[in-house]
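Pasting a structure below so you can have a look.
Note that the chains take the letters A, B, C and D in the order they are written out, and that residue 1 is the start of every chain.
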Amino acid sequence: MEYAQRTEAGLSPGRWLQERYRDVRETTERLADPLEAEDYVVQAMEDVCPPKWHLAHTTWFLEAAVLQRYAPRYEWYDHNYAALFASGEFGGEFHASVPRGVGLRPTIEEIYRYRRHVDERILELLENADEERLARVTPYFELSLNHELQHQEQLVADIKYNYFADPLKPVYRERKESGLHVLPYLTWHKFAEGQAEIGHQGPGFAFDNEMPRHKVWIGGFRLASQPVTNGEYLQFVEDGGYRQPRLWLAEGWNCVQKYGWEAPLYWEKRDGNWWYYTLSGMRELELDEPVCHVSYYEADAYARWAGRRLPTEAEWEVAFSAIRPEGNFAESGWFHPAPSGSSHGELLLQGYGDIWEWTMSPYLPYPGNRRTEGPFGEYHGKYMSNRMVLRGGSCITPRGLIRPTTRHYLLPEKRWQFSGIRLADDLEE
Amino acid sequence: MEYAQRTEAGLSPGRWLQERYRDVRETTERLADPLEAEDYVVQAMEDVCPPKWHLAHTTWFLEAAVLQRYAPRYEWYDHNYAALFASGEFGGEFHASVPRGVGLRPTIEEIYRYRRHVDERILELLENADEERLARVTPYFELSLNHELQHQEQLVADIKYNYFADPLKPVYRERKESGLHVLPYLTWHKFAEGQAEIGHQGPGFAFDNEMPRHKVWIGGFRLASQPVTNGEYLQFVEDGGYRQPRLWLAEGWNCVQKYGWEAPLYWEKRDGNWWYYTLSGMRELELDEPVCHVSYYEADAYARWAGRRLPTEAEWEVAFSAIRPEGNFAESGWFHPAPSGSSHGELLLQGYGDIWEWTMSPYLPYPGNRRTEGPFGEYHGKYMSNRMVLRGGSCITPRGLIRPTTRHYLLPEKRWQFSGIRLADDLEE
Amino acid sequence: MEYAQRTEAGLSPGRWLQERYRDVRETTERLADPLEAEDYVVQAMEDVCPPKWHLAHTTWFLEAAVLQRYAPRYEWYDHNYAALFASGEFGGEFHASVPRGVGLRPTIEEIYRYRRHVDERILELLENADEERLARVTPYFELSLNHELQHQEQLVADIKYNYFADPLKPVYRERKESGLHVLPYLTWHKFAEGQAEIGHQGPGFAFDNEMPRHKVWIGGFRLASQPVTNGEYLQFVEDGGYRQPRLWLAEGWNCVQKYGWEAPLYWEKRDGNWWYYTLSGMRELELDEPVCHVSYYEADAYARWAGRRLPTEAEWEVAFSAIRPEGNFAESGWFHPAPSGSSHGELLLQGYGDIWEWTMSPYLPYPGNRRTEGPFGEYHGKYMSNRMVLRGGSCITPRGLIRPTTRHYLLPEKRWQFSGIRLADDLEE
Amino acid sequence: MEYAQRTEAGLSPGRWLQERYRDVRETTERLADPLEAEDYVVQAMEDVCPPKWHLAHTTWFLEAAVLQRYAPRYEWYDHNYAALFASGEFGGEFHASVPRGVGLRPTIEEIYRYRRHVDERILELLENADEERLARVTPYFELSLNHELQHQEQLVADIKYNYFADPLKPVYRERKESGLHVLPYLTWHKFAEGQAEIGHQGPGFAFDNEMPRHKVWIGGFRLASQPVTNGEYLQFVEDGGYRQPRLWLAEGWNCVQKYGWEAPLYWEKRDGNWWYYTLSGMRELELDEPVCHVSYYEADAYARWAGRRLPTEAEWEVAFSAIRPEGNFAESGWFHPAPSGSSHGELLLQGYGDIWEWTMSPYLPYPGNRRTEGPFGEYHGKYMSNRMVLRGGSCITPRGLIRPTTRHYLLPEKRWQFSGIRLADDLEE
């Protein structure tokens, strides 16, 4: 639901923003509910942020982007917090590539007090603002909420990694059954050569990196109706896929050797059977689910092994732009990719939700994209090298983050986010 | 001069190939002439190969690609050499990302004996082959010669780095004056939005990564008439360009901090003046020459500082495809970028030769490019991640390597090759 | 108070052991009282153990050394705990050279429950054992209590380091004034050449590494009446001591360069004045206190700068064997070295307590020392290389650990324990 | 032959020194004779110096210690050389713990020219000096020659390592048969408790670290009649000695895991049989030779496995002080430990030559040793931590370096020098 649609709900603009605000902030805290004290503090690898930091950083972002700009005479809650919880430059970042210097203080309780304080001031601001002020606040307010949605996703991905790294492998939440048990059946969808447009245009919120909408030329291509499953990927593993350098990009093969990769992250072989760690603990591998927690290098090697390739982000967007972004997102509460169903050759399945899909497109600015000043411009620009684009959102992505144009990006060796594979191919002539 | 043009020279096909062969092989050895014994062995950093290795590896390539396939009953010269001088997979690679295990044996003299042996067998093969056999040999023969041309360039770049790393900073060759002393004068060339085609097509030799020729959509853009000069880059340095994180991509800023970058590779400040190491020793910085030995990150940061951007490789190719690839290549013997002249607004200068120009295009396969089996296909494919494309060749590139479609590629942090900057910008509407 | 002296207190043997047990275990927990939840989990460097681990490991040691051996049909509290909290070999170690894989589970509360469970079973064992059984239990029981005393010291040293590493530098306890303000006055005590005996002999508890008592030949020497003070050490710092390689052992100079040492650990210069971190927070440097938190390399370099040397451990023991081990130990509650007083040339001051004193003796087995089987033998043997001996205990050492023969040992570069310097010299003839 | 004995040879003092000088210098160059150009430059690991550096550094030492002091108006041959070939402080070092910045220039020929120049000037100095001047020159001259003898040993040890690291494993010299084929037969020699004196005293040359002679108390001990053989050590290997942490010191076990040690350096298992690299190439392991190229940690673990211990350096010196230092030194030309013979219970065999014997004594200054100023004092002092003493010299040690009091020292993990094991034990009472 966009700002422009606020009246549909019969709410005043301020009231409507208050409701959205409460919803996002409470969701973040609900995600932290199952955590024990130690879970807030731990950072099991560099990519991961301590959960404490997510709770505090998103709050600092609201202070910096909204309260400092629009709340009359607002004073920082604590200058130390600004130093501890700011990201490199105002505007923050989606992907934490640097370990966060979170330490002993402030304590967990102090951070929750900090959240309460900022919540009160934000709600007060929204309560008292007239329509003109609200219109000015809204872009920064939207940015801040979208920022917190992004951190909700990362919080869960980080918890999963931290829990997995613990010898006793705690359970985050009990398993919910998806109820889906249809055998997956792969078909290919054809798209003819031609000019197209991609990118965001229009009144709703979108990140700076989705703009401007621009023309591209796309050769004819085919796209798989559904993601690669664990069962399919297992064939690659058992065919020695991780032992054949010819299948891999040079840096990918370096990773295989350096990190000893033999399967996706979280997979473990026990007595001849494959298991994987899920947020509900260790379970036997489900073959019908989409494969998850693979790097770009693994996605690329799998595609080469399968005689296919990954789609470009333009191909992906052209294929999915007409489809409503519904699917197994964080709101489903499953927090795990659902088994693939069968499309009977009619539909592109699971493009939205379940797993982020690696594309073969490096993360670059769109033609004509000029960084604007301030948090909007700084938001993504500095990460525009070395990373690859992923599309479509995952089972831990908040629904509100996903548009057909949403671009996620990761360094090609990263595996701790919920990333999977959809195959593409050239259209044979 | 292409194979198809052989008759113009009045030579039989076999004789013509023999002449080309001798020319390439002798050029390689002439480049090694000034080296002392120790210079053949040293590898001052990981990216560099010991010069011995270049001499041997190119010879092994001829054994593997030509003699093993087409010389009747050919036996490897020495099985140990095949193990020591092969690259990861047959077909080798342009850029050595892995240190070469060259050691004490074979000695320098043994390697020259190895070269003589292979030379004799190749020339014998060309002498005795009938036209049909020559036609079959030619693609692999061309690949091998082009491969050796690439290693000629890398040999010189590696010598420069090794010499620079030595405390006594030897001189490789005495300086030759370019004789150019026109003040550079920058203009901008405009290109309208539209569809275009890039990539190689036709009978002459080209690497696999230049194909297939394909359609692209290019927005309107402007291109600088000449590369950025040392004088212009110095303003960036003196304006604190290396101390402002906002100008840099995230990984670029990491490099600045990790490596302590303060200027391009080979620059040194002495008593307040800038000097740089050249293959003729340390000299005071010439302001009118194109800046050289910058990484992609520095090129990108400079462009941001200057309010511009780098061109895409498609833009570069569209702009230069109609221009003959002539310029300051290795054959000029200068081995250093020439000062920029002035175009009076009429010409795009120095696109070919002098310095490789960074583009903002990641190195990817062209649409529809399928790896073919064997050395042709394996040649470049595995490096198609994490690298950026450079265009146009440098002052140490053999002229024969450069077509308007030639794609060079480097990891974005590399600086030891002769890489510089040409600015581009969107066409304002 | 030794086991042999139990009757003096009018207690039955079992009752007396119970009292000692409660005292040691409660002291450990009292030391952890000021900790917040996050403080239990953090490990700011490799040498440090998370406080949680100390609490659990000492409990596991009681299970392994006492309950498993003497409590009828005792079952491990939790087999996972045995895996997580055991040290390399049964018998444990004093100094943690390896990071402890403590993680998210068990939680802090679960660890306290674990302590309660073991406490009950130990007290029950002591309650029900007859005199003969008690006699058999006592050696392992004593070892376990002494082991926990050692971990009390390390717990406090680790907390200090963790707190210092935190940007907000928490306070562990408010400062207590020592009340000492006498100007220190250094004198030298002479000891003539001759044969002596060192090492432990007799009925009381001692660690295996203090035995056997054995003969040594000691040349004539002089010993300083008190440790080097902050004021004296500051002169070394200001004289450029950290910038003169000639003053340093080769590995010491490596440390200076590698770690950027410019002063003892915890010292910081602010606006021209020296401050240091104490367990009561940052304070201005007190010049009359013994210098603390120096490595062996710094102690050695200081002694060379001062034209003296460090004592051997035999010299130290000969000098202090007749003096009662009383001083500023953990029981004083000051947790900081006290200012040095003046001895008027009569006494050796501060040999016990305040700071561990580095000796120039590498940590080796005493002649004839044979490792016995089991926890006694394994206790210290494997650390008998690369380490230097320290003597006398510090302000955070439990009084009960210190005998004239007690040997502490650290790698020469370590600084996070309370280590200082007493000078010695040859007797001039 | 000592300076005091010069007249015995019927030579004038100056002539005699000239002869000694020529002998040492020519021996160094004879050792380098078999090297190819690349062999002079390579440094296969940090501990190793490029052979070029040894040739130049010993020459620089003569310039610094002798010519600069005693040759009238001597000018440095080349100031660059002084910078490149000096060791950290004047006085140099025995063991190169830091990689040497030897590079491309000066070339090998230039270094030999440098040697010639210094040789001429030294011989001229000796020729022209009167007796009084000679007496003053002699200590520095002796130090310089002994320094070069030390580097002769290290040169050969370094060549062995460099050759071994080369994939083609060159041969340094053809094998000479030792001719010894007596089965070794181990006996134990008993030494009673008592006071003794160790260290150098008297007129002949000795290094500073061998002085002063001083009293020690030694408990009763037993010493093995000969070193541990390959055959004996092999039992330890096959008994799983490298897989049992209890046998190892803590840092030793770290090395086993970090470096993957499974046998001494240079051993390789091929098709079930053990081979080892010698300066005559790969050969099948000879069981009767002393085990060689073991670290202190391995020596210590072996002794523990065998139920024994290593000797202290005082025990070693007491046992061997009455025995003439003759044996398989470099002069034998075998460059490999000779098989152990049998002593019939009468003799201590192979104490001198064959292999350096690890002692359990850390390398410390002798009591009362004060560093003197200048090269004598600086020579060894800064290495007096973390290292262990070895005694007796090896098959590549020049005979002239070895006295009963000579102390060699190495970090306990080093294996590339010719180091082995002699067992000791306490005298049972």
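The criterion applied here is as follows: contacts are C-beta pairs under 8 Å (C-beta built on N, C-alpha and C of every residue); 3 or more make two chains touch, one makes a residue touch a chain.
Here the structure is a predicted model, which means the values were calculated and not measured.
Visitor: Let me spell it out: compute each chain's centre from its C-alpha atoms, then which one is farthest from chain B's centre?
Guide: C
Visitor: In whole angstrom, how far does the Cα centroid of chain A sit from the Cα centroid of chain B?
Guide: 39
Visitor: From the mean C-alpha coordinate of chain A to that of chain C, what's the distance rounded to whole Å?
Guide: Taking the mean C-alpha position of each chain, the two centres sit 49 Å apart.
Visitor: Averaging only over C-alpha atoms, locate the centres of chain B and chain C and give their separation in whole Å.
Guide: 62
Visitor: Which positions in chain D touch two or more other chains at once?
Guide: Chain D, residues with two or more chain partners: not present.
Visitor: What are all the chain pairs that meet the touch criterion?
Guide: Result for touching pairs of chains: A-B, A-C, B-D, C-D.
Visitor: Where on chain B does chain D make contact in their complex?
Guide: Chain B reaches chain D through residues 36-42, 52, 80, 83-84, 101, 103-108, 162-163, 165-168, 170.
Visitor: Can you name the residues of chain B that touch chain A in the complex?
Guide: Touching chain A: residues 88-89, 97, 195, 214-217, 219, 245-246, 248-253, 296-297, 300, 360, 362, 364, 367-368, 370, 378, 382-386, 412, 426 of chain B.
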